[in-house]
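Please go over the structures that come below.
Each of the two complexes below includes subunit A, the first together with subunit B, the second together with subunit C.
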Partner chain A sequence: MLEIKNLNKSYIGKQALTQVDLKLEAGEIIGLFGENGAGKSTLMKCILGYLQYQGQILLDGEAVTRKNIARLSFATSEHSFFPNLTAGAHKDFYEMHFPDFREKRFRGLMEFFDLSFQKPLKSFSTGQKNQFEVILALCQGADYILMDEPFAGNDIFNREDFYKVLIGILEPKETVLLSTHLLEEVENFIGRAVLIRHGQIVGDVSMTELEEEGKTLVGYVKETYQYKADRVSRALSDLTDEA
Partner chain B sequence: MKWKNLQSKMESLVPAGIDLQQELKWIRILLTASFLYSFIFLLALSNAYQGLFIYVAKKKVLMDGAIMPDFVKLLGNSLAGFLITVLSMIGILLYHYLYHFQGSKSIYLMKRLPDRWELWKRCLSLPILAALVSFCIAAVLLIVYFGIYLLITPEICLLPNQWEKIWEAFFKAGRHI
Partner chain C sequence: MRKYFSVFLVAVRSTMYKIMGILILMAAAETILFWIQLKGIESGIPLSLEELVRISRISLVSGAAFLAVCCILSLVGYEMSGSRTRYTIQRLSVKEEAVVLLWALNSMIALCIFWAAQLGIVLLLSKIYIDFLEPVSFNRQTIFLAFHRSGFLHSLLPLEETSRVLRNVAMIFGLGIAAACFAQKQRQGQKGIAIMVLTALTVVTFSGDMGKLGTDIGIIAAFLAAAVFSVYSIFRTEANKE
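Right, the complex of A and B next:
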């Protein structure tokens, strides 16, 4: 279990995360939602130890250190691969550093997405780069896979393929924390939705609960965010001076 | 096979995907330029040596009371190229670190490797190795040049405490740095 206790993070003069408490159980697929700047990326970067923070982040009761960091993987829209290296060279690099690297899964996904082993990553299209970034995160052999808007720039078919592949290949102990704006797309793929706003967790619900209540994910998000459906029409009427 | 092993060993000492051959080429150029620049000592030595003599009836005769300038004075800044090479390795080190932000954020991967030293090993190894090589060449040249100085200078023209003066100059330079 990945447990986040009373996590606080501030940048100079700005509180980015406030008293975040979150538990990610093994095997869950969790969607992390929030506006731009809500704190999604900051939360992931704190979990991975890229940022200093106040509070506790525990992996099966232990602090995240170099000893257990290999149990976490990360796919980001910023990309974390080496642009000059080929996919094959990345495989070698990962195998060297991550003993649980899933070679078979890697080959399977590379083949499925028709990605070249020989070409350097910088020659890939944006969509292919995203695919490769996610492939690496899925094949590292981690138990907790953090994905920060990994499909930004991919077309809808591509994303659909990925969701299906993800559901198909994930093993029971593998946990995914997926940050995305694509609510409707991931609705049927995630098991739980966590909402973050202004650095605070404002919603945490299982998809089963939502289903039982007859709500959609988009509806739940709007409700939690107190989204005013008429704000556009009101703004437009203000702008056009209508009565 | 051995060459391939050496190459892959070398590649594991620099950031993944960096052009190692290009970096080695620049280091070679710096070291060669430093080596060639050091020849100004030989030029200065040759001039000082010629100055010890006069020509009498086309015969080279040692001047009365002729004194060879100190070794450190003749050496001047002829080994400065090697110091510049060492200092430019700081630039390579910085480039190696910043490389992990070019075209992607591979720094994220490097910072979550189980081996905490991997990032620093890949950023520091080549600059440190090159700086050591530069330092060693400079030290060898210093000894060789000092040997040449002692060998060609007539004993009567040598000023005393040459070795001590080298150390003195060395520590003085160290203090300036």
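Right, the complex of A and C next:
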């Protein structure tokens, strides 16, 4: 279990995360939702130890250190691979560095997305880079796979393929924390939705609960955010009056 | 050990083929330039080997190739093409200090290979020179004297001038560490200029005449100081992160 206790993070003059408490159980697929700047990326970077923070982040009761960091993997739309190296060279590197690297899964996904083993990654298109970034995260052999907007720049068909593949290949102990704006697309794929706003967790619900209540994910998000449906029409009306 | 080796191989894979390509281009360019000059003296008075090397602009080609090699070595782990390699490096089970030092080791080995390749090329060109001349135009000491008189050739093969050997070793050591630090600094939002300063210093001072003990000592001190400061900065930066 990945446990986040009373996590606080501030940048100069700005509170990015405030008293975040979250538990990610093994085998869950969790969607992390929020507006731009809500704190999704910051939360992930704190979990991975990229940022200093106040509070506790525990992986099966132990702090995240170099000893257990291999149990976490990360896919980001910013990309984290070595652009000068080929996919094949990354495979060799990951295979040597991460003892639980899933070679079979790697080959299967590379083939499925028709990615070249020989070309340097810098020559890939943005969509291909995203695919490769996610492939690496899925194949590292990590128990907790963190994905931060991994499909930004990919077309809808590509994303749908990925969701299907993801559901098919994940093993029961693998946990995915997926940050995305694509609520409707992941609705049927995640098991739990966590909402973050202004650095605070404002919603945490299982998809089963939502289903029982007859709510959609988009509806739940709007409700939690107290979204005003007439916001656009009022703004347009004001603008028109002004003109 | 396997984890450290995997990190080392990242640098090898990023640089090996490009450096090999540069060495091949350098060898081809130097051989062609040398051959053109050698053919030019066919009907005239034979030039000395060191003069032929000088007018062939071999040191210029070598300098350009050296700059290209330093550039490639500095880019290992450098964040470009929109990729943030820091996210991978900080997620390894090997500390970032170790990563930087392993990549510095790769740079040192690459620079040793560059030195050896350049030496091999000029020795081969010397052999071509000897084969080309009439037997009366050279003697057993022709090559030895050329490597004695030419600052460039002498610095490539200093023989018994220990200070020059040590200077070259210090250059390789300093350049190797500075190259690895360049990308590390960039990953932390800083600028590493040591590699640029040391590269320029190498280009300017490499072909110094023999017997300049004071200059050699000064250069050794400068490169070692830069290397020590760079190593210190690696550990200081990592300590600050902790």
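By our rule, the second predicted complex is superposed on the first by the 241 of 243 C-alpha atoms of A that agree within 3 Å, B and C clash if a C-alpha of one lies under 4 Å from a C-alpha of the other, contacts with A are read in each partner's own complex, and residues count from 1 in each chain.
The criterion applied here is as follows: contacts are C-beta pairs under 8 Å (C-beta built on N, C-alpha and C of every residue); 3 or more make two chains touch, one makes a residue touch a chain.
A quick note: this is a predicted structure, and the numbers were derived from the prediction, not measured.
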With the two structures overlaid on subunit A, would subunit B and subunit C clash, or do they fit side by side? clash
Between subunit B and subunit C, whom does A:Phe82 touch in the aligned arrangement: first, second, both, or neither? both
Using the touch definition from the top, say if A:Leu7 reaches subunit B (first), subunit C (second), both or neither. neither
Just checking: does A:His97 make contact with subunit B only, subunit C only, both, or neither of them? Give me first, second, both or neither. both
Which of the two partners, first being subunit B and second being subunit C, lies in contact with A:Leu183: first, second, both, or neither? neither
What is the contact status of A:Ile47 with respect to subunit B (first) and subunit C (second): first, second, both, or neither? neither
Between the stretches 24-32, 42-50, 132-140 or 204-212, which region of subunit C is in steric conflict with subunit B after the superposition? 204-212
Which residues would you name on subunit A as touching subunit B in one complex and subunit C in the other? 48-50, 66-67, 69-70, 72, 74, 76, 78-85, 89, 93, 97, 121-122
List the residues on subunit B that touch subunit A in their complex, please. 15-19, 102-109, 111-116, 118
In the complex, the residues of subunit A that touch subunit C are 48-50, 52, 66-67, 69-70, 72-74, 76, 78-85, 89, 92-93, 96-97, 121-122, 129
Subunit C residues touching subunit A in their complex are 2-3, 5-7, 9-10, 13-14, 75-77, 80-88, 90-95, 241
Can you tell me which positions in subunit A touch subunit B when the two form their complex? 48-50, 66-67, 69-70, 72, 74, 76, 78-85, 89, 93, 97-98, 120-122
